[in-house]
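One chain, subunit A, appears in both complexes that follow, with subunit B as partner in the first and subunit C in the second.
For the complex of A and B:
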């Protein structure tokens, strides 16, 4: 029955059900990823933020939640500004390249 | 001279013949393989260059200067140069003179491969060979030269610092076999020749040794074939062993370099990580280890095995795990290429190794829409990502251009597309090409005739990888220096003393050394760093490295700062926003970009 409106789907994340294999793998290859304090410096400097909503802070958050990251990565130019501003010294470029490398569509 | 052995053959030449036959066959097949792997137009270019007189002459000269005399090693360290050229040139002369002897005395034996090598066994001296005496003198002279060279090589194993090298390569097992057989060849030749010197004659080296042996062992002992033949056997066997292991050791660089030089002179470049020209570069590496001391990463002992010499070794072994590790770690500063005596392009080799990787997510910028810059003047300024991160440089650029009254447009003031160099260095060529295409459109649409850059990384990219006909690509140090020369830019000299740091991409990358110094020199005093220009040390902040972490880079930056501040400057000047921010992190004195220095003195 069409009421002319619909309910938005629940945005709750059940951490018991999501697939965290990609995040676990990245924890091995880029251990720095655990140091992120979500300060957002990377988001503030990102060149691709305007084009695809790229933000390393959000990337890490989405990885931890098993959410999709493919879209935001689609405009990353690997310019390295996020690496340079990161107060925790995370090698974000390696993180991005490793996500691009180990990403698999099947997991979502 | 007359022939002593009528048949002109003795079984002891067999090990040598097997060795040389194997090595020649191997090299011929390898050369054909490399040629076959090269793209068709490269092959054509190469063959054309061989029949072009000027290039052919240059090839000969380069081969002579690099393979035999080792000119670049002489420049690095006299003793190191002497050691290498005495062995290489001496050996070459012995082979050449051996052929000359055969040609002069027994010309009908020129068709025998081994005759010039074992000449002294097969001939007996007559009393009418004055010319022979002169040749014998030369033979002994060059043999002595080689023996001195080998003596030095043995000393170098123990005290490499005497040769200007702090660290040297660890030889692999086969390298060691090659090394010891090479060391043995010439002493054994001397021994064999001196055993038979009373028959075949000799000069100041062979003769006295012959007398000495006679005094100790008696002349009958020396003349007995049962005693002198084993020495010739030993000489032949060692030669054979050396040649059989040669293709699998670093000594493969001897034949490979002779092919690399003509190919490089023909204008060929690396096109594939493991095929064609790249293979030549890998096999041309003599494993000398000059790149180890030069590498900025080697301040940390853990990174020593990631220098170019080890990359070449691992590529030869096909060790994929190590190749990936080594390729990803490098800062791509290009210093190994600068100091390399055969010119192995470490950074380019690594970029192509990176390009082999497959990614599941591939960025695509087709949908990115950037408004073309509103054209004001003929000068288009592209700050780039790194300038965006060091706003003081951008402000100084604006200020200087404003004070000079130059009409310009700042293309990426409110963000834009990266020049593509970091992506290119990561080996993702299609993505980099996409960015190049987007930026080219924007720049062409602006109608500008000058593209001004304040970042050497962008400058290198726009200069080498963009096709911008009619548009001049210029770095701000060159642009301001030009304005200063033409009298538009008038600087007042402050009494501050700066140390100038040559950024990798501007110096080694684009060969811009003079303009920044001239510009800085008219605004302040300059002192030079301990290692400068082509040998300047990377700041450690390079985007070239994919895997080096923040903490690992600190030691490199501190080492580079130490090198810069040797002369005790008041401040550091550089011409790269990335170097500026990297140095500023650890420097105890101010670090400024040249644009800022110019702005202060204007």
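For the complex of A and C:
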């Protein structure tokens, strides 16, 4: 029934309820993922960021908060510039590929 | 007879200064208000960055200062300027004549109960960095659960807080939080550990390595956002709210223990001593050095010297180095006058 109004869903993050299964899996395959200091150099150098909102910083944060990353990832061109600039040496390329692999496994 | 220097405060600064003054051939007298030497460090368990026992450092300092005259549980009642020095009257009636006075009155740990929103003294599972350190050192604490699932650390409690009257950064708490988070994770490997920070100020040697290790080897989570409020649920667990400023979203999490990183504030004794020796107090309540680059250990007054956290927040190695510098400055002052 339409009452002419709706409630907007809460945008709050509840760390007790977030699904971290993908993050936990990535911690095994790309342990560097824990080392992110959210400096943003990956986003600043990203070729796709200006047009698509792609950002490895946000990708990692979203993974840590159990949020969806599919849409963002579809814009990555795997140029590797983020890997080059990361001061903590995170293998962002492997991270992105592993996330893609997780989603393609999921489909199967 | 050897020239005497009165040292106010028997913490690590006072002890190290005393041992250096002894080596320089002077006669230091330590006046300590509490019943023990070593000050705050004597109550600590392990020191960053080497995780060395604090007691080891204190014992070493106490033994090298043992040649000094030491008054415990004694306070200074009055200091008078004389023609070529000072006389200090103690509350036990003794009068000490000296050529120079070295103020080593240290700091005071911020009273975390003043930040009511964090619930210290209200909820059972909220403790401070000092409480946790005491527990590491073997003291019982009923507030610390046997098997916590989730633990949080709140950085900057009472520091960088204009409303609390403390604009200064306490310097040591970021590193202490990481040290204690790692120590806690070693005791409870299954627990999730969260650090709520505004900035991480890891300026010292090996500090950044600790940070990397906390993330990489211990999986400690760092959340950029100041905790805004803490409440208790029906099971006694804590519901902690903060903004996850990196995602721009409000965040909440249930914890079994919350550790507040109480900062350093000026000691209430410092103002009293400052007025006795007519030294200036800075806007932050700490003593004002002659300048903050070259003459940190010197006051604006002849024969009055400072060492350690009475002039501002300091780490242990900074305090010890300053105590040596102050001892040398006092020595040169006395020799040049003679």
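Definition applied: the second predicted complex is superposed on the first by the 95 of 108 C-alpha atoms of A that agree within 3 Å, B and C clash if a C-alpha of one lies under 4 Å from a C-alpha of the other, contacts with A are read in each partner's own complex, and residues count from 1 in each chain.
Please note the rule applied: a residue touches a chain if its C-beta (ideal position, glycine included) is under 8 Å from a C-beta of that chain, and two chains touch if they have at least 3 such contacts.
Please read all numbers here as calculations on a predicted model, not as lab measurements.
In this superposed model built on subunit A, subunit B and subunit C occupy separate space and fit side by side.
After superposing the two complexes on chain A, the angle subtended at the C-alpha centre of subunit A by the centres of subunit B and subunit C comes to 110 degrees, rounded to the nearest 10. Once the two complexes are overlaid on the shared chain, A:100 sits against subunit B while remaining clear of subunit C.
Of the two partner chains placed by the overlay, neither subunit B nor subunit C lies in contact with A:25. When the two complexes are overlaid on their common chain A, residue A:34 makes contact with subunit C while staying clear of subunit B. In the superposition on chain A, A:73 makes contact with subunit B only, while subunit C stays out of contact range. In the superposed model, A:14 lies in contact with subunit C only, and not with subunit B. Considering which of subunit B and subunit C touches more of subunit A, the answer is B.
Of all Cα pairs linking subunit B with subunit C in the superposition, the shortest spans 14 Å. Across the two superposed structures, the residue set of subunit A contacted by subunit B and also by subunit C is 32. Taken in their complex, subunit A has these residues touching subunit C: 11-16, 27, 31-32, 34-36, 38, 57-58, 61-62, 64-65, 67, 88. Interface of subunit C with subunit A (complex): residues 194, 212, 215-216, 219, 221, 224, 244, 246-247, 249-254.
Across the complex, subunit A meets subunit B through its residues 32, 45, 47, 50-51, 70, 73-81, 83-86, 89-91, 93-94, 97, 99-105.
By the touch rule above, subunit B contacts subunit A in their complex via residues 328, 357-365, 367-368, 385-386, 388-389, 415-418, 420, 422-423, 426, 428, 431, 435, 541, 543, 546-551, 578, 581.
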